[in-house]
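In the two complexes below, chain A is the common chain; its partner is chain B in one and chain C in the other.
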Partner chain A sequence: MDLANQSNGAAIDREGALSPARKRARRDEVQALKLAAPGILWMTLFMVLPMIMVVYVSFWTQTTFAIEPTLTVDSWVRFLTSPTYLDSIVTTLFIWIVVLASTLVIGYPVALLIGLMIRNVTLQTALLVVCIIPFWTSFLIRVIAWRPTLGTEGAINSILINLGLIDTPFTSLLFSELAVVIGMTQIYCVFMVGPITFMLARIDHSIIEAARDLGAGFGKIFLRIILPLSLPGVVVGAIFVSVMVLGEFATAAALSGRKVNMLGNIIVSQVGSLKWAFASVAGVILTIIIAIVITTLLRIVNIRKEM
Partner chain B sequence: MLALKSVSRHYGQASALDGLDLVVPDDSYVSLLGASGSGKTTLLRIIAGFEEPDTGTISLRGARLDGIPPHKRGVGFVFQNFALFPHLSVEDNVAFGLRYREERPVRDKAEVRERVQTILDLVGLEGLGRRSVGAISGGQKQRVALARTLIAEPKIVLLDEPLGALDANLRERMCDELHAIRQRLGISFLHVTGSETEALLMGDQVAVLADGAIAQMAPPDDLFRSPTSATVARHLNAFNIISGTVREGRLRSPVGALALPAGIAAPDGQPMSVALPYDGISVKPRRDEASDGISARFVTAEFKGPSMLSFFRAADGSLIQSLVHLSEPRPPRYEPDQVYALDFDPELLIAFPERAH
Partner chain C sequence: MESRLLKPALAVYLGLFLLFLYGPMIVMAILSFQGPTGGPQFPIVEWSTYWYQHLFGQISGSRVSQLPVGESLIRSLVLAVMTTIVSTVLGVMAAQAFRTRFAGSGPIFYLFVLGMIVPGVLVGLGMALLSNMLGIDRAWWSTSFVLHVVYTFPFAFLVMLAIFNRFDRSVEEASLSLGVSPAETFRRVTFPMIFPGVLSAMLFSFTLSYDEFSRTLFTSGPRLTLPLSIYGTFSVEIYPNVFAFGVLTTVFSFTLLAIYGLLMMRSVARNNQQFKGQEA
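What follows is the complex of A and B.
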């Protein structure tokens, strides 16, 4: 310790010259800054500044045809006192919770199959690619495709009628909350499957064998070993799904027949009618909700430990 | 008593185990010596139930084990890589079996705590219970793995190269402790290893696994003194194995004509292998070519602390090893590429007559 201090001190004292270790450390810092610079620049220009702008605009004065930078809380008061808009917050949260739950319930077993049960890496990769194949068509087509599937004379109703299982077609399949949930679950499920699969694939099989050897049945092994070890994957998947679902508008617009209005739909329609201040209020509220959701999810596990 | 009867296991064309018979008596320490790829791990996995045999039966104290799922076999398994649960503390790792086993789980928290404490004391982990398993050393992980298995009081514990991941110092200490722990518990250990020193040191009995079957099972000194086949002798890593044909009471081999021990009466033309102990050779300066024995070129020597291992290459290219214990007069420095005569007392040879082809 003393020796190190002495030699260190000596290295700096000598005409202010830096020791090789210090020089290396300084060079690494400069290097790190250079690598981070493009990202920082991009995020500042296209995320931080616009976000500040959105918050600022939400306090501007909106008239029917114009908007002027006179500060007022009018838009906020109007939003927070209108049942229609408050309902949209509830709808957004409701759709989010249901889609999050359904992607988890459908996605986890798929991840379990690909990540844990199948030991052949080639087959694992092939199945993951299969999960991604729907992405080869555009988002909009995947959403719209649910209309001829779920409609009154759509595929599901036709099949059920032809099988003689029902007499009259289900009318609530399309243009309902159910349709929105089905559509979103299909589109976002893969974002849940991926991260969970990767976490499960990292579990050493001998750990599971050890648990069996100690006398635990499948239920206990799942609950005590597999689930806790895959939890970081669940959290990452939940963050992906949450961020995308909370900001959604296209699926709701296409499959609900305008019956389901999420915050995203409000923003689109307000921007469409040039109500910038009002759209900004909805935007700020949505951002706050997303921030709270992500923070809460990150509380569940320490992601940093998994890197 | 654990008994395996003509157990076979094939992977495609290759057979890992081929009609293997093995008996592990109650309250004993059996070490199983086998080269890598000899099917050691397969054998343990079949006993533990992670795999099933293609044919044959396994029984523990008279009850059939094959066909029963691993969590109902009552067989303990200590994994080579420890396989600790990374998200649990030392205590929770050890308590896992008691808490979560399907049959007779212990629900009383105080009892679990007490039994965990007792077993942690037994394996020498007092006071480390609350540590995360990521924050302990390799030797401590080994003890956690052992404690986790022992707490369930299995009838037999299978150890898959349990010392392989430890450094040499620790390995020796763990050897002693494994012995002591087993004796205190009075259960059977089946310890699989690729190291002959470990196998001989640990086992009350040593079984040699070769070609998918047990080649010989005997107490260590018996095994060392009288291996029953050249294969077994080769596994002990203490013998030069020389093969040839008997002619006029001598073994004609590619390395030279060797005198056979008295009492070995073999007809001419009888194929035979002999095991020549590494430490039974005395190295002499070169003699004339015509005489008996082995002439070989010195290659190199390894200084091993208490002993010196010298390598010689015989005329046919085969390697012959000579070990000198340094308690004896230190051997002179041999000259590389110089031919020496390797002398030995024929009575030291162990002969294995082979069936003529």
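What follows is the complex of A and C.
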């Protein structure tokens, strides 16, 4: 009791003796919180709450056309024992790994040229803009544009036949896993090129000159200097691409002819047949996968330190 | 030596890469001028603007039903404008808040950024479940709208944060110490300086919302937005009118980008002029 009073008194004392500078700092802090409050409220109500809802509903009881708030693990058991749904997890991971690798392999040389090889800033910016422009056009239109390109009577087959390179058109270009991978690689490549270019452009050219003067060949310079210094860019790009590919369903639906079913496709089709609890299970599994992928990628480099 | 060979090789590679990026769009643009009897593939039967006329409802008695773009286009534009206004205001406020370090700013930063990371299909599902439970009707202007802001607000916030990081605080402090009220200082001093950033934040919000689709899918209710009605045509056989629409919407995006570029250039030029005037 006495102790409490004492400390209370001390607190008031400290409050009274607060310097004007500290008072102002505290007022600024309150002001900042007030400014951030609408954003915090919006994100809590419309993002955190819906996400909690997904987890909650995944334990509800699913009847034929409705869900009841009686808690059960039925949906989870059914999901994890069904080969179809377990397959969708495998498909999601497979498509993700392949697209991640292809965006990196295809995007890295582009970033190398724009970020490191070209010294003229105007040309650098212009090329980067040319790479980014397709991002401003409609996502769905970019997906659907692959159909007349890859189809049996599409552009690629027409060109190859007219050149006399093949006699019969490829039929497996469209409506296959390959089509999905090609489409996603094209759409998400920019997100890999951007961050890597950004990191490469910051490399001090004198380091490379020094290495060359000391007799290092290009291979050695690349492996020992360029690659390590660009790694944060690779990780940021990988996070962008991973997050978008893992949550995808439209490209898979439009280009695979429903042969490729990712977790996103499962969610869409389950919602379509009003199996909300089931869709929620798929949603929670997707969230877990994305969380694991991001934390693993963040382990590779400390981005906050590198940026 | 090696780099002398490497550079031309990379240049050729860049050409191929650009072909990869732009190729499908070019193919689509060519096929949008397909004749009335032609399908969504090669060869071109005859060159015509038939499918563009079809898009605008000027062809009667066609075997292909018209794309339902009219009303959904208006809905998408209204939704994008609403989203742009709200997320830019929220973004500027939040970035302004982050200029002072306050308790919990770390976690709050991640809370904001999470909005652009969480897959649309997940928040869409969550919002649909939430509105079902609360008995709220889903509609493009309510449930879809709040999710669009969840998605675009982080972009606006990050753009403004970057602008404020390179911002000279002393001009503001001069204004405040001369007795100008904080509100007036923001309006007369801060806002004109951050205007290019605000413009970028608006461009981001508008384009992202206008094109947003996975967040709208479960939350828009019976009245569809433009991307949803386009997606609806994917499940049935597609016709060149989808390509004609694709060309027009791409032209629209580029027009928007050009307007942004012009406004940006004017704003930069005006700032330069102002500073010149001060020096004289």
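Everything that follows uses one rule, which is that the second predicted complex is superposed on the first by the 277 of 307 C-alpha atoms of A that agree within 3 Å, B and C clash if a C-alpha of one lies under 4 Å from a C-alpha of the other, contacts with A are read in each partner's own complex, and residues count from 1 in each chain.
Please note the rule applied: contacts are C-beta pairs under 8 Å (C-beta built on N, C-alpha and C of every residue); 3 or more make two chains touch, one makes a residue touch a chain.
Bear in mind the structure is a predicted one, so any value in this text is a computation, not a measurement.
> With chain A superposed, do chain B and chain C clash or fit?
When both complexes are placed onto chain A, chain B and chain C end up side by side without any clash.
> For A:G217, decide between first (touching chain B), second (touching chain C), both and neither.
In the superposition, A:G217 contacts both chain B and chain C.
> Which partner chains sit in contact with A:I40 here, chain B, chain C, both or neither? Use first/second/both/neither.
second
> I'd like to know which partner A:A279 touches here: chain B for first, chain C for second, both or neither.
Only chain C is touched by A:A279; chain B is not.
> Let me test your reading of the model: by the given contact rule, A:V268 touches which partner, first (chain B), second (chain C), both or neither?
Only chain C is touched by A:V268; chain B is not.
> Does chain B (first) or chain C (second) touch A:P228, or do both, or does neither?
first
> From the CA centre of chain A, what is the angle out to the CA centres of chain B and chain C, nearest 10°?
Result: 90 degrees, to the nearest ten.
> Which chain makes contact with more of the residues of chain A, chain B or else chain C?
C
> Closest Cα approach between chain B and chain C after superposing, in Å?
In the combined three-chain model, chain B comes within 6 Å of chain C at the C-alpha level.
> Quick check on the output: what are the common chain A residues between the chain B footprint and the chain C footprint?
Common interface on chain A, chain B vs chain C: 217.
> Would you mind writing out the residues of chain C in touch with chain A in their complex?
2-3, 6-7, 10-11, 13-14, 17-18, 20-25, 27-28, 31, 39-43, 90-91, 93-94, 96-103, 105, 108, 111-112, 114-115, 117-123, 125-130, 132-133, 146-147, 149-150, 153, 157, 207, 211, 213-214, 217-218, 227, 230-231, 234, 238, 242-243, 245-246, 249-250, 253-254, 256-257
> Within their complex, state which residues of chain A touch chain B.
Spelled out, the residues of chain A in touch with chain B are 204, 206-207, 209-217, 220-221, 224-225, 228-229.
> Of all residues in chain A, which touch chain C in the complex?
On the chain A side, the touching residues are 28-29, 31-36, 38-40, 42-54, 57, 106, 109-110, 112-114, 117, 127, 130-131, 133-134, 136-142, 144-149, 151-155, 158, 186, 189, 217-218, 243-244, 246-247, 249-250, 253-254, 264, 267-268, 271, 276, 279-280, 283, 286-287, 290, 294.
> Where on chain B does chain A make contact in their complex?
By the definition above, chain B touches chain A via 48-50, 69-72, 75-77, 79, 81, 83-87, 96-97, 100-103, 148-149, 152.
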